[in-house]
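Some structures are shown below for you to check.
Across the two complexes that follow, chain A remains constant while its partner is chain B and subsequently chain C.
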Partner chain A sequence: MKIKKNIAISDNGFIFDSNTGDTYSLNPVGTEILLLLKEGKQLPEIQKAILEKYDSDNATFEKAYLDFISMIRQYHLTEE
Partner chain B sequence: MSEKKLPFERPIIKKLNVNVPNKFGLKTEYDPITSIDGVMVKDLIKEFGSPLYVISERTIRDTYREAKRAFSTRYPKVQFAWSYKTNYMNAVCNVFHQEGSWAEVVSGFEYDKAIANGVQGQHIIFNGPDKTEKDLEKAIKNGSLIHIDHFDELYTIAELAEKMEQKPKVSIRVNMDTGIYPMWTRFGFNYENGEAWEALNRILLNKKLELVGLHAHIGTYIMVPWAYGLAAKKLADLAVGVQTKFNHTIKYIDLGGGFASKNTLKGAFSPGTDTCPTFDAYAEAISTAIISSAILPDHMPILILETGRALIDDAGSLLGSVIAIKRLADGRRSLVIDIGVNLLFTSFWYEHKVTPAQPFTHYTEDSVIYGPLCMNIDVIRENISFPLLNKGEHVVISRIGAYNMTQWMQFITLRPNIVMIDMDGKPHVIRKAEQNESLTSHEITPDYLKKINV
Partner chain C sequence: MTKKKITVAVSGLNNTDNPGPGIPVVRGIRESKEFDARIIGFAYENLEPGIYLHDIIDKTYQIPYPSAGIEPLMQRLEYINSIEKIDVIIPNFDAELFSFMKCADDLKKMNIHTFLPTHEQFEERQKSNLPDFGKKYGVNVPFSRPIFGENEIFGLTADFTYPLLVKGKYYDAYVAYNPEQVRMYFNKIVSKWGLPIIIQEFVHGTEVNVIALGDGKGNTIGAVPMRKQYITDKGKAWGGITLDDMNMLDLTHKIIGQTKWRGGMELELIKTNNNELFLIEINPRIPAWVYLAVGAGQNLPEALVKLALGEEVKPYESYDVGKMFVRYSMDMIVNLEEFEKLSMNGEL
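For the complex of A and B:
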């Protein structure tokens, strides 16, 4: 899964889609995941990075990650 | 190692709609409710289970005293009568009775409850359209205040009076136009068409009944105090008419219940906390109307109030837990909690305040809060901007003291414990959680249906 090129992500959790003019806000975990996706990272690497920093477990993270990805798709922020 | 890690919050993304009013409401600028009267929510749930009804004795007494002060500083003789149907848990009733409230009941079941709680017969007001002959006999024998709803009842009481050779103490319920909508005309005798005056004439000419008062209950969740001023004026006019024609003095005027609580009605533009009139505003309208009426100073009646929801809503909370967090097809968050409409009947009228019981960040999601019932009607909040909760975390639903512990439905699940937190912060179970046997013990399966083979 790839994030569209025209999506700008700021470190403080704002997204701007220059094609549509839409803006979005993210919480800190959401921001980190999106930045990693933008770098082209995939689930295993992202999971490792987040669980090293945040207090959670694999099952909790995976549920939350899948839910988050579904929203990114719904907002058409991904290619494909 | 894990001590050094940051707390994990579910990742969320939210579209920002510039200049579009958000139907999910404003950002959450409130704090979690972690404790009630000093007792931690998580400890209450651990000890008494989830969901759990919690009643604050302190809030009941504080609210009652505030209402009492508002009226008794404006009017010389004020008497509250606790409206049993609003919440007839015996412990709740007895807090009100300890504060000096009489009882107001609308069925034989409620009447017997008041007697069993120790209320003296002459301090029970018996309202409602359905009083059986047996109920009436009991009420007459005990000298209770019988509020007549219709002519059939009036004649039944007159017959019983003759048979029992006792003089029943009666009032009539009067319905009237006070400018509010809907106008309740199904209970009692109408003022405008002269029916109420006719009923009073029949009672006073009959001589077997003692007319002690006049009663009106104009509706519920009345947001305009002046409607009570009008009702009080009309009852005062009837009292003056009775005094003039029969030289009979009315002992009390009872204005029923109906004051709004701070809950927000569904579809309301502003929150109930902003729009709910104060007890002072109701008291001012009612006292002014009676004092400035043509009733002579020596004949000033006792003012009785049957206030229900406004006295108990704030004292009740419903604690629950998150069962699941789902995503609806339209992208909205769905939060399934263990509190359903079977336990929260008032969710059909109110947008109840739901608050997390543990700290949360300022991030929110557009959410729907569903109950646990496998039924489409089971919705606690349709549109709410809600913090990010996890499975197993707790919520507190506030202001649920009125009507839920009486109109609850035994549907799909069993009713949980009710605890009351006393003035020293000690919780007491005042109604035990139901068990399967609480219900099945009332069922009878015919013998021929006992054997099945599946």
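For the complex of A and C:
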């Protein structure tokens, strides 16, 4: 899964879709995940990076990650 | 560089909740690095706010309504020109464009320049001709047809499903969910803009717009796509943002290239969830949100003035994406003497 090219992500979590004009705001973890996705990273690498930094476990992360992915798909932020 | 002194007359000074393009057009011209413009306002009504914005409009003259015909308009323009020596007129209302197009040759003899669409361009993009326009130029347009009487309303279900759009010839558009609402909007629009009323298929999606300027030879001098972010109850943009959308720009180039569009225009489009674009309207003039284009790096009013004066204009190749505009309203304090002067003398 890839994030669309025209999605601009600020470090503070402000997202701008320059194709639709839509804007979103993300919390810090969401921002980190979206930036990793934008770099082309996939689930295993993202999971590793987040779990190294935050106190969580694989199951909790995966559930939250899948929720997050379904949300960004719903907002057409992904290329599919 | 010394700026060239010119006199430009504009209409559309109604900077209200249904704003005319006059004031933002003037702001663009005032920001020109090439022109030092004296701005003459043309007003139809004595409460158009631009009349009283003296730092934007140098002098305002009332002009006759388009319904009065060409002769009174020309007489008035001759009088105004005898005082002001106008170089360029930029008419900004759909309803007055026909009169100015008709006067264009006579104005040229008076050394007044315009840069307007041709009669053919103006007519073929009329709302009632949009289906033929779509066919001719290979552009997606929603199905529509004109109706001329209330008796046609109940037969609409043969061609349309509800909801559908009820539109006036020049202005106004309402979404109707049943025949009763169509009848209500039909009467509302007829009393204002006359017949025909256009019934248009409702296409689901996001409304997006492009402002563009064609040089009359098929070249696009500038084009900026925008999405309305804040829409008033009249459907007007109170806030908007520039977009990065190649499909919208390609469509604009295609339309201007094929029609050899001359002058300013606004494309009103619906972008569906599948990213398909449907053309719902072409406004044959600069839209009221033109200052967003200026702010994004394309001074289209300045370019329009240059085209009108016969100067060479290099097409704009880029603009800032994600540039926004947010309108505001402000109370001006006006002395009764000013209102009196305009009402009694027709000029201020």
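To be clear about the criterion, the second predicted complex is superposed on the first by the 80 of 80 C-alpha atoms of A that agree within 3 Å, B and C clash if a C-alpha of one lies under 4 Å from a C-alpha of the other, contacts with A are read in each partner's own complex, and residues count from 1 in each chain.
To be clear about the criterion, a contact is a pair of C-beta atoms (placed from the backbone, for glycine too) under 8 Å apart; a residue touches a chain by one contact, two chains touch by 3 or more.
These numbers come from a predicted model, not from an experiment.
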Based on the superposed arrangement around chain A, label chain B with chain C as either clash or fit.
fit
Touching A:N6, do we find chain B (first), chain C (second), both, or neither?
second
Following superposition on chain A: angle at chain A, chain B versus chain C, Cα, nearest 10°:
90
Just to be sure I read the superposition right, which of the two partners does A:N27 touch: chain B = first, chain C = second, or both, or neither?
first
Once the structures are superposed on A, label A:I15 by its partner contacts, choosing first (chain B), second (chain C), both or neither.
first
Could you let me know whether more residues of chain A are touched by chain B or by chain C?
B
Based on the superposed arrangement, let me know which partner A:Q74 touches: chain B (first), chain C (second), both, or neither?
first
Once both complexes sit on top of each other, what is the least C-alpha distance from chain B to chain C, rounded to whole angstrom?
6
Chain B touches which residues of chain A in the complex?
15, 22-30, 32-34, 50, 53-56, 60-61, 64-65, 67-68, 70-72, 74-75
Over in the complex, which chain C residues touch chain A? Could you list them?
206, 226-227, 229, 240-245, 271, 321-322
Complex contact set, residues of chain A against chain C:
6, 8, 16, 18-21
Which residues of chain B touch chain A in their complex?
2, 5-16, 18, 325, 327, 331, 361, 363, 388, 390
